[in-house]
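Listed next: structures, encoded as structure tokens.
The same subunit A turns up in both complexes below, where it pairs with subunit B and then with subunit C.
For the complex of A and B:
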């Protein structure tokens, strides 16, 4: 009925408005997303120096070959992989536990949500600055660990030892984001109908079996989502490592890809090489994004 | 019967222990999460010599305001931190306003107009969601340098004017909006821009608020991009000031925490006032699962 009130001319005019509305965004996407990604791909095939007046020289895949033969770049890959695995696995496990514990409470749910989420609100530089002081030899971390282990006066070298400094960066990231992922798990948990748990309770299923055989399988899509999201975030980590090295921590153990990328481009002015590095990072992340899409497609759960 | 009662009693003590365990776990986790906050605020009000005393005194004796003075004044007495705070506010609010308005407009266009090539455009926008900023930052830096936007607000703001993720969410929000209302407005003579500003915008305030908070927070937190484009002290943002202050003045822990506290107070107030939108912002990601 309403449709008939409009002539095809008006429909056509209406459609034109659609283009008008999306046009500004499209221009920006073309300039600041599509052009840069192709530009990065293009630049990665050249020897190009920032500030240099010499025209960039085409060198094919030499930048990539250089990177794959460079111990420094392999160290960055190692640092990134170690950091990602060491951070996202505990993060997923603990946020899952915390979400399940919170939802089992009748009171203070809101308080715990707010408290756990609060570090995610702080800017990552502030977070790194706070933990830089906590990891000081005379700081809280040594006092706390020594109190628990009952061995006063030992310095665990949180920022000086090459293994400890990696653990420290993981701890900072874990602290900042565990609450964030707890919230996402809580949404997933809330979408599981209560009747399923009630039915299980009537059948005499205890809490542990219920969690293991009912909650966990139903929560699989959320778990995949959280895993990939946290993994992608860990792969991009920069601020903590940057501030820690600025604050005097050794560079080599925590020289993650983004940090290396930044130094190669800005300190060493090697734009071509840095572009090759960013393309490799892009491929790694694309792989995990693809994995997420694949995972979320095949694991639709119906209640 | 007696046996049954006994068993029931056993399970209830078991569940009581479990219950206590969960409370203790949650409280310890909360202490672990909140302790660094308390540390930041207490340390910011103590002289540096007290902060590194073992064991740490959680209750400061009096308020050592010199830390805040030192943090704001800076090591060279230039008070550049105030300018940097202003920069952060300008950049974060401008990006938030433009991102939200442009994304709402684009989301509306994609959701409610059946023009040719609509699906293609939508897919292209979704594809940009997969391009991480870290990957394109060097070409962006070259573009901004070429445009002469280094050390300027334009340089800090321009790359973030649109956001594919925000567009995607706005589109999903608008798709469910009933067409009949729009058609009724058209019959009453409303133009298409008027439909957007008078009907769509007011009707999407919760979604817009959530996405605005999300955008503001991520800009407030941004370190990498300002690090590239803002070299002059006047154009630096809060994270850059903290980096410089930490690197230069590593030994003045009290002032360092004062600087951190000043940077955190606005966003923490926002969080306490608008916690609904912050937490909503975290959960929009899970909206993607079917």
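For the complex of A and C:
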């Protein structure tokens, strides 16, 4: 390949320039992505204290064995899975509904797109801070729910009850990212040719049968993409849970892997163990990324 | 198989998109079982008119009347019209069988009857072997046949075709053209066909409606619009014409140094006269014929600038009084005179072959 790259000819010349252009990003990825991954993998095989001057001790897979025997880690897995399922499924469904709602508008399409997307540009810390205020016992959330249920004065303990705090983190994440995935669905919807919808109309579809038989199957690649992307996003969740626990919420129900990892590394200084956690999380995410590639390739739609 | 459908009437149809007038005062009666073509250049309003008939566009003024009933407010699903798109618009997630069956399924037809009808349609469009294939596994021509089959499956009262062959290559286009014409004749269905290809329109239609700037400029049989184009635009758009701008003088048309005798010139009261003559109507002077056979004023000697062999005819480009013109010679004539570039040839412009117009249409290119 190297020999071919340096052989004369316009194609090879172009290829050489291609390598020149991608070189900076290759260096960037190598330095900030690949190196940390391999470093974490290496560190996970050692017992190492973060600020200790003692040399790290090689312990093989002991960190992994410890984690798989640790109820605390399994709780983190549970918290992560509950959060991921509880967030990404409604997120996919609602972003699809919202995208259909927006695309069916004749006016104010841009306004709705902007309105739904705007939370996605906020920093997670800002989002968590806003929602901490909303979930305050005297905050908007209690007032709103009590207004609907017509039960004034009840505190639903959004950040205190173990079930409610899980729902709260899901709500925050849903609010922040639903607009982002709505935009992706909008792109998918816009790529379906108008003539296909018109042909379906002539064949006698109504709004529902048109969506069920035509739009949804043609959106399959986008739905898979959104599902996997939102799932990965949920698996990486950290700042909402971190800020909520800092604000006094109970740790255990929302102690997701990333939060556990942070505490293990930064608070307990057990960097080897934290690295093992990060590698397990990496493997889970890698599996879903592979699933995404597999799914999107086999479901390509050509018009 | 198909019962003759009812009359479709377009009454004073206009469509405005803001300040743009896409369709202007169209009045048209389409008889049951008729094959009518809307022919015109891009942007002339033919597709908009078709979309108004299907119900995808709402006209600004006028009525669409079918079987004596105004159907302006009837949604496309309820009009029972079929449509074939240029882009095929097949459902890529469904097989050929499912595509054709879809409209029947939506009409809640029992599945045994659906299968029967689909098989019948597959046979009709010659795709029985391809029933289980997906559209992406078919060629363009096959996909358009599926689209045609899908549109026919629901037994539409009127079938509308929006440039259905434009995306296909020349040979398949001609083959599918025959398929469409045969189907129309067999089923006796009313067909409205939109195209910018004059050859296609002339080959298929019972009547051709020539459109320009949103208006129907001429409507008639293919023979009529070709032989008696009402305007210089139609003379240019349907087939090919040579144009001459001359001055009327002494009962003739003065064109540079030439003076052509033109039939029916006495009916024109303007000084400036615009003439059109088709390349195949210009004759090669037969040197052996008697001099009485040709009016001397209409015989010109020109030099062959470009010779294009087009198969059945040979197209020769020449310059006459500074204007580029063409003449179509038959293969026999060409063989006889063994014409080469820069050779001289004598041509005769028969007085009756000229069409006289009040204005001159000129292409921008």
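Just a few scattered comments:
By definition in this document, the second predicted complex is superposed on the first by the 272 of 303 C-alpha atoms of A that agree within 3 Å, B and C clash if a C-alpha of one lies under 4 Å from a C-alpha of the other, contacts with A are read in each partner's own complex, and residues count from 1 in each chain.
The criterion applied here is as follows: contacts are C-beta pairs under 8 Å (C-beta built on N, C-alpha and C of every residue); 3 or more make two chains touch, one makes a residue touch a chain.
All of these numbers come straight from a predicted model, not from anything done at the bench.
Touch criterion met: A:203 reaches subunit C, while subunit B stays clear of it.
Applying the stated contact rule after C-alpha superposition, one finds that A:273 touches neither subunit B nor subunit C. By the touch criterion defined above, A:193 lies against subunit C but remains apart from subunit B after alignment on the C-alpha atoms of chain A.
Once the two complexes are laid over each other on the shared chain, residue contacts for A:254 go to neither subunit B nor subunit C.
By the touch criterion stated above, A:218 is placed in contact with subunit C alone, subunit B being left untouched.
In the superposition on chain A, no contact is made by A:92 with either subunit B or subunit C.
For subunit A, the partner that touches more of its residues is B, with subunit B and subunit C as the two candidates.
Judged by the document's definition of touching, no subunit A residue lies at the interface with subunit B and also at the interface with subunit C. Of all residues in subunit C, only 54, 56, 75-77, 81-83, 85, 87, 89-93, 102-103, 106-107, 136, 147, 150-151, 154 touch subunit A in the complex they form. The touching residues of subunit A, counted against subunit C in their complex, run 193, 195-196, 198-206, 209, 213-214, 217-218, 220, 301-303.
Listing the residues of subunit B that touch subunit A in their complex gives 15, 18, 22-23, 25-26, 29-30, 32-37, 39-40, 43, 51-56, 102-103, 105-106, 108-110, 112-116, 118, 121, 124-125, 128, 130-132, 134-143, 158-159, 161-162, 164, 167, 180, 183, 186-187, 192, 196, 217, 220-221, 223-224, 227-228, 238-239, 242-243, 246-247, 250, 253, 256-257, 259-260, 263-264, 267-268, 270-271, 275, 278-279, 282-283, 285-286, 288-290. Subunit A makes touch with subunit B in their complex at residues 2, 5-6, 14-22, 24-26, 28-29, 31-37, 39-40, 43, 94, 97-98, 101-102, 104-105, 112-127, 129-134, 136, 138-140, 143, 175, 178-180, 183-184, 187-188, 207, 221-222, 225, 229, 232, 236, 238-239, 242-243, 246-248, 258, 261-262, 265-266, 271, 274-275, 278-279, 281-282, 285-286, 289, 296, 300.
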